[in-house]
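The letters A, B, C and D name the chains in turn, as written, and every chain counts its residues from 1.
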Amino acid sequence: MECAISAAVDDGQRLYLGGFTHLIPFAAGHEIIRQEYRDLDLVRATPDLIYDQMIAAGCASKVTFSWAGNPGVGSLRAFRRAVEDGIPNEIAIEEYSHFGLVSRLAAGAQDLPFLPLRTYIGSDYPDHTDAIRILENPYDDGPDEIPVVPPLNPDVAIVRAQRADEEGSAQLWGILGEIVEAAFAADTVVLSVEEIVDKRVIRSDPNRTLISGTAVDYVVEEPYGSHPSYAQGYYDRDNEAYLEWDRQSETHESTTEWLDEWVYGVDDRAEYLEKVATDRFLDLQPQTSYATPIDMGDY
Amino acid sequence: MTEYTDTELMISRAAQELQDGDTTLVGVGIPNLACNLAKRTHAPDLELIYESGTIDSNPSKLPLSIGDPVLATGARSIVPMIQGFGYYLQSGRIDVGFLGGAQIDRHGNINSTVIGDYDDPNVRLPGSGGACEIASNTDRTIIITPHSSRRFPDEVDFVTSPGYVGGRDNREQLGLRGGPEAVITDKAVMRFDDGGELYVESLHPGVTRDVVQNATGWELQFGSDLVETVPPTEQELDLIRNELDPDGVYTE
Amino acid sequence: MECAISAAVDDGQRLYLGGFTHLIPFAAGHEIIRQEYRDLDLVRATPDLIYDQMIAAGCASKVTFSWAGNPGVGSLRAFRRAVEDGIPNEIAIEEYSHFGLVSRLAAGAQDLPFLPLRTYIGSDYPDHTDAIRILENPYDDGPDEIPVVPPLNPDVAIVRAQRADEEGSAQLWGILGEIVEAAFAADTVVLSVEEIVDKRVIRSDPNRTLISGTAVDYVVEEPYGSHPSYAQGYYDRDNEAYLEWDRQSETHESTTEWLDEWVYGVDDRAEYLEKVATDRFLDLQPQTSYATPIDMGDY
Amino acid sequence: MTEYTDTELMISRAAQELQDGDTTLVGVGIPNLACNLAKRTHAPDLELIYESGTIDSNPSKLPLSIGDPVLATGARSIVPMIQGFGYYLQSGRIDVGFLGGAQIDRHGNINSTVIGDYDDPNVRLPGSGGACEIASNTDRTIIITPHSSRRFPDEVDFVTSPGYVGGRDNREQLGLRGGPEAVITDKAVMRFDDGGELYVESLHPGVTRDVVQNATGWELQFGSDLVETVPPTEQELDLIRNELDPDGVYTE
């Protein structure tokens, strides 16, 4: 991960670290903090703890988002401190609704100048988010006017999946969020997975391969790389950590203490995992529940 | 009569807004409890969809967020967000959406973005998430919120989710589907009149007109047949306390 | 199937019978011919033998398509007779490229007034297909002009899947074509499957459920309902039948003879299957090749 | 020297147009054979994508159509058409596309729609399929067709797939990506000059300038360093005949 981040990321870039509560690339985010990147535009529908940590560490100068909160818990305190009080630095925001943001990534994934959506009419978004435009409908049917959003192409997307082969053809399941759209929209893709598997595993079920290896630039095997978020079938969300963050991030000082201990204080993910008590991981392990397999047929 | 909390009353009233067979876009917390309560009482065929893309979730326990794995395991389908919002919500397949917000005006327009000036905020809130599209594309939305004059100002600081905008006609002219159906607070149940303005339909037991008016930032209308809100039944309370939220995460 | 078609279909409707070479609803098409529907607008990216048969039987007054051929064999002779010579009746055509047609269905599936695409510039389509319009790009980035296509909402979509539960939540794999988009775009959906399975099978793998039961109006279990096309993992394409059709359809008379024997001459799919020699089905059966299952986890 | 057919020569020449690591959008027939020949010789990492949505197919036998199950089993990924065309082709992830057509003009514009008047056709052809978007969105297209003056008219009856439209500058002005790279016929290999007009690069063994000119509907340019087309090698012929198309479906 250290090498992949160092090769893929530069100061001033637009970054997407993916997922909707699920499969959040915490390990990659911590590595970015350790490598002290600055002036990043952090893109995601749902910035959560990892973006809060990156903001507190001074990595971000902008956040492009649609819902910024600690999911199921409350607000993102470091994000708010930056927006409300400029601590540790001022950050700009560019704000959409979920569908607006994922439509921007989908337009980016398809090299389209815009995608239309039936959102924003009657709201105050178009007054504050310049990229939202309203087009006249050239057809007789449907609304007279339709909002559109332009493409969003991250410089780097860092996404996680449960499994991939060495080429990076990735299979992910459970909640997908906007991971696939972001991966196809990005110039460079860093894929981090719970396990690298033989390519025959991937090719036994091609319909499940949502990201093709040709779209992926770096593949990193990093078990538990999404902790304290979760990986469907592998481990559950560590809810204690989400509640703890709400307390720990109350002041910039206490936030920094946490970063010192859990990010700067460890060399890599392996050391982080050692610091987390083993019984915690055992508690997070679900019972297996296998999907009924399908027959592709040997043609 | 059994005691109950404001939250339990709100869950019970929200559940009553759901019809069997409805497809509903659920949030965590009170909406989730209300939907699961309805599913276990009068609406067994209620379909729960979450903005994370899980279709017909059957959570085995209380989800801690709308991205919780209990919403994925055992669901009928899971789709990427781009499809959940496009093929399910925008296409008009969702009957009911639940919304909350920091500010709500007389036409049901909701602010969940910012308190104060957008560019120099007093309080920066999480933002829309899917709320703006839920408000724009479901047949009916149900708004759940505590009742205070801070929450019900004359004008919201930012319209995150359009209600009737300037009134029912205005919403229709703008081409928005459906509209807000009810606002359920800890003091009253309110609905929208023919012009799209809020009026009080029922006051919760023990709550007076004055209390509600004082907690509202404009001269509030009261229905001509104003009644008392029906409290939750024993069965409902039993389900909420012993099955849906046994640890009291949202109800204590 | 007889009841489902009779309840769902009316003269004069716009119909989609789905698939891209794979999972073609032949049984449903034959039932439509037997019930003698007229004046249908047949929609599909790739009209093939079943549309050719429906056209020859006089069911169609229009075809909306992007590639009309006998896949891997040659042209659709009945389609050509209708377009070139008005036999058995004149048919109108409305023509796109593949991406144009599937974009129309995708717009229909999302209730959008149009979707943009980077096709048609420099081609003659806009001169002949009125629904293709060119919009100015309201943004500085990207092309100055961008073609758009309006939504296409079939009255009825008849689609097949390998398996579904009784509510119609359908899992399909292999080549998907535009089946999912058409199902979500249509007012009424008839789903025909190789097998109806317990809903626990479907719910064990929700990411594979591409069509939710709430979008489906009629569910029909009809094994081999796609013969002579194929169902991935169940049976291969009966290529002899495709080659045979090329010969059989050489004249309108010989085409009608075929319809008399294989469509009008049987009551239903069961009788059709009996007429096809059993050893032919055995030849079409692939060896099993199961996908490596995934673990959803019991949360 | 071993005898070979025109088709075998065309397959061999088309294979030479592919570079190792290219992602290519394949059709059935000659393009499929050319791609599989390249994959087994100089381009083992060639990625085969079909417009049916199969990504990196590894067909165990000759596919009979672009929807054949052999393209699905063992593929790296399979996506719906809307994604194959949007996320792979339109996004610029495909290096090479193969096209054929009933008519091709001097700028590589192709007609596969209709012979005669669109509304009153002499011959109704299958239409674009994905050809129009392949021609518009790949880096380079390779056109394979028999050579006759009927196939190479001064003007095509319908532009299904844009080549250089009115010339290289014109294509660029229109915002189309890439452009046609070569036209391989049973008589010659042709490429496009700086202005985007076809010229003959090499004549197949035994074919004269006159033969090619007579089979072309405009005054054809010939390259200043006109050479003879290199015939297929023994190894190539062996692969085509014994492994790729042992039943001679496309090569006899």
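General remarks:
The rule we apply is simple: a contact is a pair of C-beta atoms (placed from the backbone, for glycine too) under 8 Å apart; a residue touches a chain by one contact, two chains touch by 3 or more.
Given the structure is predicted, the values throughout are model-derived calculations rather than measurements.
When each chain is reduced to the average of its Cα atoms, D sits farthest from subunit A.
Remark: among chain pairs C-D and B-C, C-D carries the greater number of C-beta contacts. In whole angstrom, the spacing between the mean C-alpha positions of subunit A and subunit B is 28. The geometric centre of subunit B is 40 Å away from that of subunit C, both derived from CA atoms.
Annotation: 37 Å between the Cα-based centres of subunit A and subunit C. The residues of subunit D that reach two or more other chains are 54, 68-69, 72-73, 78, 86, 90, listed in rising order. Of all residues in subunit C, those that touch two or more other chains are 111-112, 117-118, 143, 173-174, 176, 207, 232, 236, 286, 289, 296-299. If you check each pair of chains against the touch rule, the ones that pass are A-B, A-C, A-D, B-C, C-D. By the touch criterion stated above, subunit C contacts subunit B in their complex at residues 109-112, 167, 169, 184, 199, 202-203, 206-207, 209-210, 212-215, 296-299. By the touch criterion given at the top, residues 28, 51-54, 63-69, 71-73, 78-82, 85-86, 89-90, 109, 113, 118, 121-133, 136-137, 158-162, 165, 170-171, 174-176 of subunit D touch subunit C in their complex. Subunit C makes touch with subunit D in their complex at residues 20-22, 45-46, 65-69, 71-73, 75-76, 79-80, 83-84, 95-100, 102-103, 105-106, 117-125, 128, 143-145, 173-181, 230, 232, 236-237, 239, 242, 286, 289. Contact residues of subunit B toward subunit C in the complex are 23, 47, 54-56, 58, 60-61, 68-70, 72-78, 86-88, 90-93.
Considering their complex, residues 111-118, 133, 135, 137-139, 141-143, 146, 148, 150-151, 162, 171, 173-174, 176, 197, 201, 204-205, 207-208, 232-234, 236, 286-299 of subunit A touch subunit C.
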